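We just call them A, B, C and D in the order they show up, numbering each chain from 1.
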């Protein structure tokens, strides 16, 4: 009986959604021009990114500079998720010793493969978040790729332990540098996260003023935090 | 080459492409909603939630697409292609939404692990110790 | 360094990122830093409130881009008052939590400090931001921290309450994301002030859908009736100071978000009646289910949901006097309910079993705490000398101006129910 | 012309993978279903001219979400209705 009721509910919601979504025509240009009496935000970003913030990737400019507080909130959500998971799966010190990550040893193939692949993946991740303002990609994507590299090592080597001290230091320094860049902007031209775009010209590595620096800090922070989450989750002893 | 071809296909078979994007995203949302409402296993419920999120992210990018538009990146050959670009704002919002969705999913899964430690079951109807 | 609204967000974030390092060097300092941050919040709100009284409202732009293009923080007299109330409460809760034995010996202290501080920052962010998507991000901060705090104790129910809250919270955030997208397609901008000007362009069909999605999303955060299944569990399982923070701060931000969306973005006349009906239903059901509760914290949770229903009604009435009455009720409820939660959790901590009946005779052991609890109970019920009476009186007069007789009867009936179950607890203390 | 066929096939695979990951009893296969959903989603984003989002969905959706699901299954039961676990305990 419950199934029938849920099917009807879903059909109702489905019809409701289709009805609203279908009178938003797909692929139609809603940006409109800047001079119209209701200028849209997208039109402003597209026309001003090249002159004002001199960054090739408009999305990076939006995420880091125009809507900088979103990314700050974003990094905070990840940081709080890490702290929350650490406190949810918290084990006292004495339970710590007998926990080991892997019960079945990984074969020779995985071990050599991991040792070869790890530097390449880490390099790719770092490339992605350093070139965030030129090519697609950025802090979040690059950090995640580096975290997958660490994951590969965590899985294939029992002895491989990320040094918690260094991780905590990198995480805090990256987070603090993000905010201190913002505070520096607050001091120099009294808006938080203010940018100085005159540096470099479009499509060169140095272009975009503070945007690449902020995205590199975000990249490090995301990489360390996701590795932390994976480390905590992998360390739990399955009670079977 | 591939992108121009895609654009005129776009113009010719407009209804099919619209059905493809909108229809799929709404279908994903409904499937996820079905899982959240019907399934008993906690992991299945979190899978349902992540499928709802997937549907919404597809709708975000689908609505931001403009027929015949290019990616919003001023790469060397496209300095003055501003008027032919896709709407960048939904893409920037979806970037944040994906990472938030991941953070919420990881907290939910760590809660499931702790619930399994206490109740030795991952089924929602056997964890009913808190009454209404 | 002139003090601007962005300090509410920067300083706690600086502290939160620095605490993991500091706790390696000096354990005790990492427990004091949240207190310093909370005190600085009070200083900021004191300075800003003066500026708001003179200038009218403060709008600070971020990253140097004007309002509709970038994000801006807005402090109006209404939101300024709410934020200073939250800052003062945050500091008091930190003071209470600093000595709270149960938290010290159980969990990880540094994460408790960070999570508690960031929950309050998230609530403040919800109130002062002027951008819809930023509002969504701050709501997610509050959701993640609230879940981690609810499941802070190692017992079985904490994780269950946390999971229930996260499930419903995840669902609510999916709804709000959809509503923001639909709104963006129609209006082309994300700034709330700009949206309210362009609302006339939105066709009626889509506007109704967006309103429904927003109400469901924010209703869950503001604990309206059909959507507040998670609230009593989350309150009762969370540690003492956190449930006080839930009742005093997080619910306020949720209600403010809901009211702001309905007032600024939609002028459909149905919205006001909807608020009244939703508030009425929430109040009646919450109060009546509070009567037969055995656990003290669950009873307090239900009574605070009932009070929030009353606030929704007051906003639904919509006249100037009614909005002032709602503000006054929120102020009174925040202070008194936090007092009740704090003293209540001390009582529960010392009582044998978790039920109310086991509390009798505790007054001899803890005379002062019981007296404080009794005073709190009198105030919330609305006996004449206390502030609860005046706030209820203002709402009743506001309802009387709009000739809503059934509303007055309902509020009086519910007050009687409140008196019943509060005095039952106070009498056998 | 091929692009249109590819587009329709991707849409069908996406929905089929979602239904598969909901219906299948063995949680490990269900999680692989979500991996496929994220993969096809990432391709969709590429076709809809959103390379940044495609990279994010690929990095987070396929790699990390699948991994934390599998870790959770490792610590809880692999079978949805936990019948197999009950039998193991009886043995």
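Criterion: a contact is a pair of C-beta atoms (placed from the backbone, for glycine too) under 8 Å apart; a residue touches a chain by one contact, two chains touch by 3 or more.
Keep in mind the model is a prediction, meaning the values are calculated, not measured.
Undergrad: Under the document's definition of touching, what chains do chain C and chain D have as common neighbours?
TA: Common contact partners of chain C and chain D, which must touch each of the two, are A, B.
Undergrad: So how far apart, in whole Å, are chain B and chain D when each is placed at the average of its C-alpha atoms?
TA: Once rounded, the distance between the two centres reads 12 Å.
Undergrad: What is the distance, in whole Å, between the centres of chain A and chain B, each centre taken as the mean of its C-alpha atoms?
TA: A distance of 16 Å separates the two centres.
Undergrad: Centroid of chain A to centroid of chain C, CA atoms only: how many Å?
TA: Here chain A and chain C have centroids separated by 29 Å.
Undergrad: Report, in whole Å, the distance between the mean C-alpha point of chain A and the mean C-alpha point of chain D.
TA: 21
Undergrad: Mind pulling the chain B residues that touch 2 or more other chains?
TA: In chain B, residues 17, 21, 34, 42, 59, 62-63, 65, 69, 71-73, 89, 91, 95-96, 99-100, 103-104, 106-107, 109, 111-114 touch at least two other chains, as defined above.
Undergrad: Give the residues of chain C that touch two or more other chains, as numbers and ranges in rising order.
TA: 133, 137, 140, 144, 147-148, 151, 159, 162, 185, 190
Undergrad: Would you pick out the residues of chain A that each touch at least 2 other chains?
TA: Correct list: 24, 30-31, 41-42, 45, 57, 59, 67, 70, 73-74, 77, 80-81, 84-85, 88, 136, 140, 229, 233, 236, 239.
Undergrad: Which two-chain combinations qualify as touching?
TA: After working through each pair, the chains in contact turn out to be A-B, A-C, A-D, B-C, B-D.
Undergrad: In the complex of these two chains, what residues of chain D are touching chain B?
TA: 1, 3-4, 7-8, 11, 14-15, 18-19, 21-22, 27, 30-31, 33-34, 37-38, 41, 44-45, 47-53, 56-57, 60-61, 64-65, 68-69, 71-73, 75-77, 80-82
Undergrad: Spell out the part of chain B that touches chain C in their complex, as residue ranges.
TA: Where chain B meets chain C, its residues are 36, 42, 45, 49, 52-53, 56, 59-60, 63, 89-90, 93, 96-97, 100, 103-104, 107-108, 111-112, 114-115, 118-119, 127, 129-130, 132.
Undergrad: Which part of chain C faces chain A closely enough to touch in the complex?
TA: Those in contact with chain A are residues 1-2, 4, 6, 9-10, 13-14, 16-18, 20-21, 24, 60-65, 68-71, 107-108, 111-112, 114-115, 118, 125, 129, 131, 133-134, 137-138, 140-141, 144-145, 147-148, 151-152, 159, 162, 182, 185-186, 188-190, 198, 201, 203, 205-206, 209.
Undergrad: Give the list of chain A residues in touch with chain C in this complex.
TA: Where chain A meets chain C, its residues are 16, 19-20, 23-24, 30-32, 38-42, 44-45, 65-70, 72-74, 76-77, 79-81, 83-88, 90, 165, 168-169, 171-172, 175-176, 179, 182-183, 185-187, 189-195.
Undergrad: Which of the residues in chain A come into contact with chain B in the complex?
TA: Contact set of chain A toward chain B: 2-3, 6, 9-10, 13-14, 17-18, 21-22, 24, 26-31, 41-42, 45-47, 49-50, 56-59, 62-63, 67, 70-71, 73-74, 77-78, 80-81, 84-85, 88-89, 134-136, 140, 202-203, 222, 229, 232-233, 236, 239.
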